[in-house]
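Just below sit the structures, each encoded as structure tokens.
You will see two complexes here that share chain A, one where it goes with chain B and one where it goes with chain C.
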Partner chain A sequence: MSIDEYNGCAIVAMVGKDCVALATDTRFGVQRSTITTDFQRVFQMGPRLFVAMSGLVTDAYTVSARLKYRLNLYELRENRPVSPSVFVSMVSNLLYERRFGPYFSTPVIAGLDPTSGKPFIAGFDCIGDPSIGSDFITDGTAGEQLMGMCETFWRPDLNK
Partner chain B sequence: MSRRYDSRTTMFSPEGRLYQVEYAMEAIGNAGTCLGILASDGIVLACEKRITNKLLDEIFETEKLYRLSADMVCSVAGITSDANILVNELRHIAQRYQLQYQEPMPCEQLVSQLCDIKQTYTQFGGKRPFGVSLLYAGWDPHYGLQLYQSDPSGNFSGWKATCIGANNAQAMSTLESEFKEGITLEDAVPLAIKIMHKIMDQNKLTAEKLELATVTRSDDKTKMTIIPREKLEKLISEREKLAAAEKQK
Partner chain C sequence: FLMSKSRFNPYEGNGGTTAGVAGDDFVVMASDTRLCEESTYVVSSRNYPHLYDLGNSSVLAAAGFNGDVIQLIKLLYIHGRRYLYQFNKEMSITARASLLERVLYQHRGFPLYVGNLLGGMDEEGRGALFSYDPVGSYERISYIADGSAAAIVLPFLHNQVGLRNMADAGAAPRLTKERTVQILKDIFVSAAEWDIHCGDSLLIKMITKEGVAEETMALRTD
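This part shows the complex of A and B:
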């Protein structure tokens, strides 16, 4: 079992009409054992900005804590909420700093731009390569299965 | 007064004084006033703005008030560029604590850690102290709403009401007589305006020269509200009416 599959997870983010949706599973397991079924993988980074972390849970929590650190300083200095595209750069930078000893966790971002309200989703690999999605982003151990479901059911301009 | 001892920050004078630290406090004594009052339901910070040239572009929200973290704000009096360095450091200290303990930093610890840094400039290195005094207003779950003051020597203390900057002695004596235990924010804001009006007597107090913020708790969140100019103008004109009425008596 590879390190990405040690704790297991499934994440999907979708763009709708003036809205985004972000869903994760809530199973926390250690290889084949299930420890809890109410585990939180989504972290709120702003009033309309969420990040879901996949992969190894300890790295997921560490990355989101370090991200919040940088985000808080950004918002204090700039006196405005961060926009999703800038946040993507922040995430990418944080992950690439560990290029040769990476965090075994990949974030999926879903949010609305603070000024325009435009929906925004993005996914990354564990060293920070961003993929900004126009329809959906899937991640985790069930990533391929979710991709198949999304390809089948997603249509543009789905409302809430 | 041995002048030989005042150019080195890290040397005591024969009378046991650190001249550079005292000179730094002199610099602050000429800077724009900052007043803080700890009310039972909030904290008021009132600041005199010295830079009011109409050609200035208003790109910053505030000149003297800074947010340090989700639960703390500060106001500065003294050399603005020195203040920027300290505010930046305060923000980093607070975030580092939050990262390590996943909990907001208690107010006194934040003040204390910055003061430890300020103190090193009075003991090692041969660099001059920071020419800034700060008023910190914040909340933590251990002691609730708190008001602190720190100066270039690295000393800090907690206050119910205090003042730094120009005419602070006059403001402090007024506060000593007018501050009542258990004062609410509703009374503390006009009191702050009253004192600012009194000490800025020579240069007339106008809404452009004043920055006023309140720090309160609601819905489990700490809020810093900067009072908008229209409301300030109203509060100042109310104060002026009362002052005129008092004079007539």
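This part shows the complex of A and C:
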């Protein structure tokens, strides 16, 4: 079992009409044992900006905490909420700093642009390569399975 | 980095995705027609279906290592003819299913690297579908997907054929052959989008008491 299957998870983000949706499973497990069934993998980064962290739980917590730290400093300096494209660069930079000893966790971002309200979703690999999605992003050990469902069911302008 | 010398690997993953759905009076089997080379990511053939007619309206969907697929088909053909000449009738689907388990387990020490799905009509006129692991463990099942894009196809079958995770599933009508074919066409289009080993075209075989009918559909060629 590889390190990014140690805890296991399923994450999906979708773009809809003037909205985004972000969903995760709530299992916290250690290999084949389930420890809790009400585990949160989604972290709020702003009034309309959420990040779901896949993979190893300890790294999910560490990355989200370090991200919030950098985000807080940004918002104090800039005195405005961060925009999704800048946030993507922040995430990418944080992960690439660990290029040769990476965090075993990949974020999925879902949010609305603070000024325009435009829906925004993005996914990454564990060293920070961003994929900005126009339809859906899937991640986790069940990523391929979710991909099959998203590809068949998603269409533009779904309402909430 | 430590570079280790690579041993000869007797197996290769030649791609291919297969699926089967058994209904009250039909079985639908589907596969893409792409053959790949695992090590080089090259496409060997765009017209290599993974569905094989074994006789008596039974169809085997076999994908994995193509060398072992070819050998398995030859073995099953020989067994089928021997049975026909010895008992003067074709093997029933349940007999064929049991035979396939034995043939696969006989290779337990150097397995046939093939994922098998066997479909046909049973003696009561109902659709029968069996799925196997590479060493012969098998189970009769109402729907399954196997091969490189199985992870993409199977959840969709769970939802649309198995009616899982749907709050109002009780109201759904009985599954027809036409709807099954449409379900398989839709999900294979999605599989071809996201799996590099799946594409080119889709072959569907529809088995009923009348025999085996075929249909093909184009898929992405990239």
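Here, the second predicted complex is superposed on the first by the 160 of 160 C-alpha atoms of A that agree within 3 Å, B and C clash if a C-alpha of one lies under 4 Å from a C-alpha of the other, contacts with A are read in each partner's own complex, and residues count from 1 in each chain.
Convention: a contact is a pair of C-beta atoms (placed from the backbone, for glycine too) under 8 Å apart; a residue touches a chain by one contact, two chains touch by 3 or more.
This is a predicted model, so every value here is computed, not measured.
> After lining up the shared chain so the two structures overlap, which partner does A:Leu76 touch, if you call chain B first and chain C second: first, second, both or neither?
First partner only.
> Check whether A:Met1 is in contact with chain B, with chain C, with both or with neither, and answer first, second, both or neither.
A:Met1 contacts neither chain B nor chain C.
> Per the contact definition in the header, classify A:Thr152: touching chain B only (first), chain C only (second), both, or neither.
second
> With the two complexes superposed on chain A, say which partner A:Glu144 touches: chain B (first), chain C (second), both, or neither.
A:Glu144 sits against chain C, while chain B stays out of touch.
> Taking the two structures together, which residues of chain A meet both chain B and chain C?
Looking at chain A, the two contact sets are disjoint.
> Note which residues of chain A are touching chain B in the complex, please.
65-66, 68-69, 72-73, 76-77, 79
> Provide the residue numbers of chain A that touch chain C in the complex, in ascending order.
144-149, 151-152
> Spell out the residues on chain B that touch chain A in their complex, using ranges where they run on.
Per the touch definition, chain B meets chain A at residues 60-61, 67-70, 88, 91-92, 95-96, 98-99, 102.
> Considering only the defined contacts, which chain C positions touch chain A in the complex?
These residues of chain C touch chain A: 149, 151-156, 159, 186-187, 189-191, 193-194.
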